[in-house]
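Look for chain A in each of the two complexes below; its partner is chain B in the first and chain C in the second.
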Partner chain A sequence: MRKYYFFFRMRFATGLQYRMAAITALTTQFFWGLMECLAYKALLDSNAIKAPMDYSALVSYIWLKEAFLALFNTWAADNDVFNMILDGGISYELCRPLSVYKMWFARTIGGRMSEALLRCIPVLLCACLLPAPYRISAPASIGCFFLFLFTMLIALGVTVSFCMLIYILCFFTVSPNGWRVFFMGAVDLLAGLVVPIPFIPQPYRSIIECLPFASMSNVPFRIYSGDLQGMEMITAIGLQVFWLFALIGLGSVICRLAQRRVVIQGG
Partner chain B sequence: MITMKGICKSYKVAKRNAGFKEACKALFHREHELIHALKDVSFTIDDGEMVGYIGPNGAGKSSTIKILSGILAPDSGMCEVDGRIPWKCRKEHVREIGVVFGQRSQLWWDIPVIDSFELLKEIYSVSTPSYNQKLEELTELLQLSEILRTPTRQLSLGQRMRCEIAASLLHSPRLLFLDEPTIGLDAVSKLAVRDFIKRLNEEHKTTVLLTTHDMQDIEAIANRVILIGKGQVLLDGSLDDMKRAAMTSGDDMSEDSKNLDLIVADLYHNLNIL
Partner chain C sequence: MKSIRLYFKYVSAVLTSTMQYKLSFLLMCIGRFIVAFSGFIGISFLFSGFAGIKNYSYGEVLLCFSIVQAAFSLSECLFSGFKGFSGLVKRGDFDRMLLRPRSLILQVIGSRFELGRIGPLLTAGITLIVGIRTCELHLNIMRIITLILMILGGMVLFSALFLLGATINFFSIEDGGIINVLTYGGKDHGKYPIDIYGEGLKKFCTFLIPYTLFQYYPLQYLLGKTDNSMYAFFPLGTVVFLVLCYAFWRFGVRNYKSCGN
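On to the complex of A and B.
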């Protein structure tokens, strides 16, 4: 365990070096968040639809999404890992007395956390300073806040274990781009990163809520504002835990299969 | 001790003719060809030996190294390293070996070399005193003190290769596989690497298996040469044996008047393995 922790720490420290990337991403995320807040305001004010979420809960959802984007976007998986599979750098990974799956898992978590840490504080700060109603509200209660932190950790685990599946699938195809493009559109929608899941009409909403993608950012961001509570919340957390173990289990098995038929590219 | 017996390994390679039409055709139907990288390779290497493993490009040198280091599983054949079957117990096996792939890097690109070393210390569970001692020794022998705090991306190739070799030895392996460790290095770095490998063998009795295209590497380091071509072992003996084999082609130049590269080129021609 200690070894993997050091892997995590290493990637975390590396990620903290990329200051410029963080600043540029920051501006994008701030303006994107603001644009979304304005768009939803216009939509809800027009009374075109019955709002499935409180506007203040929606604003919190949007700002949390922008602040922690680095934790939960499935398409921005660790490029180093893809390159390793593509150009044969994986030779060295396989020369380590470690499990490849756990090593990459720790590494991906570390990378995402460092990126998110650099970005979340300024985005959240801006979101606190905006005038109402575009300001992010405080968590619904202390309990909600702790549940938010807890479910965010599980959500990160679900996201990373899903990314692990994409890494491993690249053992079987020559280029990762096919898989990445395939997942980019679909997963963003299914995870509620395009529109929050409550906005999706029934019966599609119920189906989507059972998929692993709904167990990612959807759960913590809605718990924060109290939008997800009671029995519905307990079911959602249960599903999160289920998907976390299911995806990790599946990933480890396929990873073992993949290693048996691994081909090192590039001589 | 390393034993390889009747190792075979083949790869499936997609092939198509040039051109757009052929590329479109390949969308629906692909032709594959089976390339036999290793055909019945057998040899044994005793503890403390320094063996040069040579052969033309594509002869199967890297495949052999990868099988020996547990990365690839062969199609058939038996291979044991100190009683372990490398690909069956990869994790236990790699703890005991050091590998340098000259054309790849194991150091983290954007951070100082010393950080990569510290991570390796943790990965191999090296105790702090023995890590410090080893690091001191390697720093002195490979002249690393100036470059340890530099990010890998800003090192020259020669500096990087010295760090790569040090990185592979931090856990004091008894066995070292070097896959083209002198590729692209200048004369000074080459000499430094050669000297270091010799001293490593003398002081720690480390077994070394080295692949290279630089015959001077072989002359300086190896006391035994294994020549492989088209996936088969063609010659296993001393450097002199190899020179003698090249002479049998019957050309009239004396052995001394030809340099090593010419001898090897002749040998490759004679054996028809290019």
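On to the complex of A and C.
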């Protein structure tokens, strides 16, 4: 376990070096969040029907999404891993007396956490300073806040274990970009990053809620504002835990299969 | 004439190299299509519960979305050379271009050509048809001209922004991430007619970066919300913005100091 912890630490420290990129990202993310808040405001104001989510819950959802984008976007997978598969560097990884799956898992989590740590603070700070309707509200209660942190960790696990599946697919095709773009749009939609899941009409909503993608950012962001609570919340957390174990199990099995027939391309 | 022939030479060279990775190219095309198409699905999900936004109906938003999407993809397909411009400067490739007796812009544009952008273009086409059907738009010759002018005007505006982003690289080596707010931001948030974001933003998008010239004003005419046919020709105004950006680019080239090897 210690070994894998050091892989996490290593990648975490590297990630913290890119401070300038974080400032650029701040402007982009702040602008994106604000525009989205404005659009939803116009949408909810011009319709008399009761929205499936409160506006304040929606604003919190949007700002959390922008602040923690680095944790949950499936398309920004670790480029080092793809390069290793492309240029043959993977042979060194396979030589180590460690599990490739666990090693990459630890690295990816480290990379994502460092990036998110750099970015979330300025974005959240800006979101706190905005005037009333566009300001991010405090968590619904202390309990909600701790549940938010807890489910965010599981959600990160689900996201990373899904990314691991994409890495492993590249063992078979050698064309990382294709696969990545292939999954990008669909996952964003299914994870509720394009439109929050409560806005999706039935019967699509029920189907999407069962998929692993709904167990990613959707759960913690909605728990934060108290939008997801009671029985519904318990089911959602249960599903999250289920998908975490299912995806990790599937990933390690395919990874073992792939390692049996690995062909080193270059190096 | 000569430069057009040269441009096609560039394009065919880039295409040949892309076609060496056929599976990757195919997945990329499908992937880009899915990304753009999920934007369309997102809008239709959202509007299944709501009648409209401000005074625009679902079909009208779809029309707006498809026009912006088409303009952006066309521009990105043809002028993506400017997107990778910071790399050209950093590697010193731009110095080599300066030595050649051919137009600089032509060489930069020719360095990259992204055929994969036909994916989003396909989405734009589908959405346009669905949009026209949904809001039962009666197409006459004047409206078709407006539609074409809007797409072309948008293409000119986004190309001007790409050019502007490339020019920033002359003055700062940092990757021009800021320009993405204007290009990708314009594409993503331009799916709604700009006036829904409020008066302040509409002013910004008219006088600073003239998005409204190809989006908001001609759209009013296209949807029959106004009878003033002058609005149909507003997209031509984006050419002025392009000229300004071009002047800035020329200024940048003249002050350029190499940093590569």
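Basically, the second predicted complex is superposed on the first by the 263 of 267 C-alpha atoms of A that agree within 3 Å, B and C clash if a C-alpha of one lies under 4 Å from a C-alpha of the other, contacts with A are read in each partner's own complex, and residues count from 1 in each chain.
We adopt the following convention: a residue touches a chain if its C-beta (ideal position, glycine included) is under 8 Å from a C-beta of that chain, and two chains touch if they have at least 3 such contacts.
It should be emphasised that the depicted structure is a prediction, and the values quoted were computed from it without experimental measurement.
Once the two complexes are overlaid on the shared chain, A:Thr14 sits against chain B while remaining clear of chain C.
When the two structures are aligned on the shared chain, A:Cys128 is found in touch with neither chain B nor chain C. Of the two partner chains, neither chain B nor chain C is touched by A:Ile234.
After overlaying the two complexes on the shared chain, residue contacts for A:Phe199 are found with chain C alone; chain B is out of touch.
Residue contacts after overlaying the shared chain place A:Val253 against neither chain B nor chain C.
Contact with neither chain B nor chain C is seen for A:Cys210 once the two complexes are overlaid on the shared chain. Of the two partner chains placed by the overlay, only chain C lies in contact with A:Leu43; chain B stays clear of it. When the two complexes are overlaid, the chain among chain B and chain C that reaches more residues of chain A is C. Interface of chain B with chain A (complex): residues 11, 62, 66, 69-73, 90-92, 94-95, 97, 99, 101, 103-106, 108, 110-111, 115, 118-119, 122-125. On the chain A side of its complex with chain B, the touching residues are 2-3, 6-7, 10, 13-14, 17, 87-89, 91-92, 94-99, 260, 262-264, 266-267.
Residues 21, 23-28, 30-32, 34-39, 41-42, 45-46, 48-55, 174-175, 177-178, 180-181, 185, 188-189, 192, 196-198, 201 of chain C are the ones that touch chain A when the two sit in their complex. Residues of chain A touching chain C in their complex: 20-21, 24-25, 27-28, 31-32, 35-36, 38-39, 42-43, 46-47, 49, 51-52, 173, 175, 177-186, 188-189, 194-195, 199-201, 204.
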